[in-house]
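The following pair of complexes shares a single chain, chain A, combined with chain B in the former and chain C in the latter.
Presenting the complex of A and B:
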């Protein structure tokens, strides 16, 4: 039996108490919600916190509130299952519901939370391994070692942002609420992430991500596509989130954000800009998809080859945009989405 | 230091004194003697240790008992009742849907949860519901057949 390392468990009932518990235990403590990301890592001894502050009992962090007109507040403790089948989210933010419904497996979506997926640890073929495996090959800088085994000459860690929800939140222009000892602050979703495999979050360790704030739906259309080997369980090795607002037939605003191609989600700004003021014709879509492949620079540290993941960026961006435009989608789109 | 917990397992209240870092899987098997719940990967990658919490399938290898007090935990031991197999168990036995049998408890519970929400699911809905349960014998077709057969029989009885 593979066991968790020993820890003391603290179960606050309010955000205020959770913040106090984090402050009291400092660097010895870690936060846990669903545990689906943290516990496997703890079993592999990637984390050995002395104290775990469990957020499962914090009722104020659960649930979806709001309206399409004013936007929605999604409590960070809301499970991915609940989000994926929430009628308002499915209707007004289909990209977000799709992404939540494609995380891992049904059981893990019943446990895992939206906040957990936004903060999910970065992943790498050299990191997500047993202790014995990592010891045998030589530890990497993300845990216990000095160098990056993907790019040994590099001063930084290249572990991959593996959240399905993060690129969607970014593309929708969503915000997150962070609560810490000094009070709360609300920042754009894109400001939550840093381009570093180790320090991948701009959230301070003593802050708790309590909610995801969605802007008014306002005619927004969105889609998410995920590349992975199996139709279940697997983390994304490419995610494409697209959000578009139209003025009649013309694109007023577009945001294309790529997941799992770097240590943080990456916005394809040129591709997005190329769509504004145009109609979503097959030609405009192909041009945007071509431009979107530019910022997609995956490294050889996940499943599938990195040239394939880069190539698929163009294909998936085109498919996501065609879906939004109501054009027929070629290829195995339903299988990719399943 | 150990903590005292009160867990409701298969509608019985059980008191346990356990270390806080023990997962539900370990407590079920080692402290409550309920070895019907199997341990597979223990990392959330196989579905073998699935149990139901308030009717929904979750992985006991990644669940902390301290979080589950007052919740209804169901394991495979609770499926049969009054000397009768659950219709899912009966269908699995009849159709050979259990080969080595290791994934079977988790599959049965996941299917039970599906049928309680959706008594007559389509084949695709069954596949989707069972997408988190790996069968190392790869005997998926018979598993899907057995869930369909059980759902038809249960719908018949309900009518």
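Presenting the complex of A and C:
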């Protein structure tokens, strides 16, 4: 087996102590919650921290609090399986519960956290390999190398945002709370991400994402659909998050956000705008789905080729909207959650 | 039939679905696998592998690595007593024939594939061994390379080996193919492409070696072939009786542990350091370095009469051997023999070739060349049926070989070919068709049949041996060299001994897989172990029984033939009984041994000249028919297998539980092959070196497999059993492809059949 390299483990009990530990160890330190992404990456030497600040003992970062009327605060340390079956989340934010329930496998959802999935590392066929393999091909710019092996002329890294919950959080208009040495700040979920495979988070390294803040449910309907080769385990190679608020039969507000098509989630703003003020008819849905495929510009650095993933963007957006509209849908997602 | 004696008597233990002695241990994680063993003072070993698919080694300096903390030794090619390893035919056979497949234990001046071993390191800890591996100073100069079989066989292609890139070819020609096509009412042409596939067993390659008393180099490892002790001895340049291999119960083999894995490295390091040493490959290493299943390009041209009767087959096969020969020539022979399937082929030509490339090497994997061809001949069969409007079950029945017919290679079928019955039963098991869930979801059904040899090629003169002996208390010991790869090999031997000697299973202990202490019985490969070692145990048990009953007959004053051995006692017809314990005491007094060594020799034959076109290649075959019902999402191309039934004629099921397990496991592995598994190799670089990218089916991806066990009583194994290890992996890919065409009209010709490929076949994606 591949073994973990040696490291020091720090186990703070409070956010304040965790921030202090991060400050003390600086660039040598990384945060760990469930460890389902971090530990395998450490084994492959994609991450090489000397100190891990474990958030598992920080009680204030766990649990779901709030109400549908006022919105919910989800502690970043809440496990994905707890979130996926939380009755209020399932009822009022079904897209989020679905996304949390589709991350990896049951075992990993029991360990993995919502904060971890929001911050999960970007992925690429040339990066998610053992050290010896990466060394053999001369490394890539994301770790230890100079160039991008997907687009050799590119000045930037094209690793793919592979979070299931990030596009949903974005589509819901959720916010995240970041706590650092200078205190805490709350930013919109979309402001957490940057379109760069390496610096994919706008969070400072010494900041801790402590909570996901959901807005009031307020008649919101949401859905998430995921493309991958198998019915379990796999990271998304396309995620479609849709959130809609209705005025009677008319769409008052709509957000369609695509996952796994770029280094950050991508909002399909034209598609969203096309829905506002209209009813969720099959014709309106098809028009929105057509427009949504526009911002989907995947590269060939995950499973399946980019033309297929782009084509599926349209199908998945249409299906997600049909689900929200209460029209007949079929796809693997429903069956898995049934 | 040789020693495989049929029995008409009522069976008590054979045929019972008995819980195997290893089952609970495995489920409860109590089984000690090869990687679980450790010894005091043990070193840890690691292999330095080539990062490049084709390069000259310009510099190889181990000085700095050898001086690293904890490093015991760093070995390169010049440290290996005999650096050339023969990889032709492992196991308990002596005649190899014309093949001379070799490779270097450690690379000399050149590497031919990514992952080729270059140096070997042992250190006090695994971390130190790894660190030292990275400190070995190797300089490579890239060499010209070739990555497709078509390129490899083109004039002027860079030669992977001096002998040229065409490693082997076989040809069969029979009847008049042109005349056959002239008579045909329909001619179907197809080209099919299959992929590199990994064994992907749960347990990676692993073992521990030490020098035992008397200087015997002892290697305990996960292997399908304990007879590799001879190869280790050859490489180490020591007598063969100085190397002992102990095989553990395997966490999966599938052919991946048929060639040598860690044993030669461990033997070398134990010899060089005098210390115990352990090697466990990481998953990444296993996926990178282990030989794969051969990718094939299969071209078929099939002509049939309006009745569905096939009158002409023109078949061209081309396989990728990767950088070394391993067992490729034999894999290709299996393809050649099975290319036309279990069907009559009066006019047929088969041209089969296998070429070297700088891709990962390929060798044995479940199905061994007889499974890639199923995708070819069963896709063709379905297209013929479709073109003629004939029912899929009927078209197969029309063409099935009858007893006395012969395969294209000229081998006469001396057995009942149950294909029509198997096909009918598998097809019927699908029941009422599912209604599509939505307008864009189409449902379809497909059938695929196959034949798979069991037992080794007849000119390899295969044999197996087993020892059976009673302890004084009447408990029984079985010793047999057969490795148990998880198919219940050891447990089935107990059932056979129990049946013949009337000893309850809980009074039997079986020792397997030790080249020093168990009689050699050959490889657990080629679906041969039940057939061969089952017969050896049967023979040993029957002969021991006869030995003991001679004494019992005297004591009971009756004829030995009238006695029965049941539940640890000898029973006379008049209800008198004699306890085993008393009988054994009497045997000792009468100088009659209470143990016996049974040796079973398979029916042998002379090598077949394929060009001359006549002869027996395999002892016998196992036949199967699988039926699948699938739904296809015509907006995404996603395929979901809704129902699956797999029928095989196993001759007789020794343990129906194990038989069903083999059928279900084989079908699921075959569905993985058909739908998702793919070792992606880009210019010789393996991109799928973890289970995040090398995708095998999960519980969410496969339906329940209904195993239909048919017992014709026609096999050559004990109690007329047939081999069932490999056969169930053959049909699934073709069954699914046929079902997809039934559902959508799209014919899938390339494996794996991913959602994207289906979407493209449906015209959803054109870019």
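Throughout what follows, the second predicted complex is superposed on the first by the 329 of 338 C-alpha atoms of A that agree within 3 Å, B and C clash if a C-alpha of one lies under 4 Å from a C-alpha of the other, contacts with A are read in each partner's own complex, and residues count from 1 in each chain.
To be clear about the criterion, contacts are C-beta pairs under 8 Å (C-beta built on N, C-alpha and C of every residue); 3 or more make two chains touch, one makes a residue touch a chain.
Bear in mind the structure is a predicted one, so any value in this text is a computation, not a measurement.
Trainee: After the superposition on A, what does A:161 contact: first (chain B), second (chain C), both or neither?
Mentor: A:161 sits against neither chain B nor chain C.
Trainee: Considering only the touch criterion stated at the top, classify A:2 as touching first (chain B), second (chain C), both, or neither.
Mentor: A:2: touches chain B and chain C.
Trainee: Once the shared chain is lined up, is A:235 touching chain B (first), chain C (second), both, or neither of them?
Mentor: After superposing on A, A:235 lies in contact with chain C but is clear of chain B.
Trainee: Using the touch definition from the top, say if A:135 reaches chain B (first), chain C (second), both or neither.
Mentor: A:135: touches chain C, not chain B.
Trainee: Go through the superposed model and pick first if A:171 touches only chain B, second if only chain C, both, or neither.
Mentor: In the superposition, A:171 touches no partner, neither chain B nor chain C.
Trainee: Which partner does A:108 contact after superposing on A: first (chain B), second (chain C), both, neither?
Mentor: The answer is first: A:108 touches chain B but not chain C.
Trainee: First (chain B), second (chain C), both or neither: which does A:117 touch?
Mentor: It touches nothing on chain B or chain C.
Trainee: Looking at the overlay, does A:98 come into contact with chain B only (first), chain C only (second), both, or neither?
Mentor: neither
Trainee: Please identify the positions on chain A that touch both chain B and chain C, taking each partner from its own complex.
Mentor: Residues 1-3, 5, 105, 231-233, which sit in both footprints.
Trainee: Spell out the part of chain B that touches chain A in their complex, as residue ranges.
Mentor: Chain B residues touching chain A: 1, 3, 19-23, 25-26, 39, 42-45, 47, 50, 56-59, 61-64, 66-67, 110, 128-129, 131-132.
Trainee: Please name which positions on chain A make contact with chain B in the complex.
Mentor: The contact residues of chain A facing chain B are 1-9, 11, 35-36, 39-40, 43-44, 54, 56-57, 81, 104-108, 110-111, 231-233, 338.
Trainee: Across the complex, what residues on chain C touch chain A?
Mentor: Touching chain A: residues 49, 51-52, 114, 126-127, 280, 282-284, 288, 437-438, 440-441, 633, 635-636, 638, 640, 676, 685, 687, 689-690, 692-693, 695, 697-701, 754-756, 759-760, 764-767 of chain C.
Trainee: State the interface residues of chain A toward chain C in the complex, per the touch definition above.
Mentor: Result: residues 1-3, 5, 105, 125, 128-130, 132-133, 135-137, 227, 229-235, 303-305, 307-308, 311-312, 315, 328-332, 336 of chain A touch chain C.
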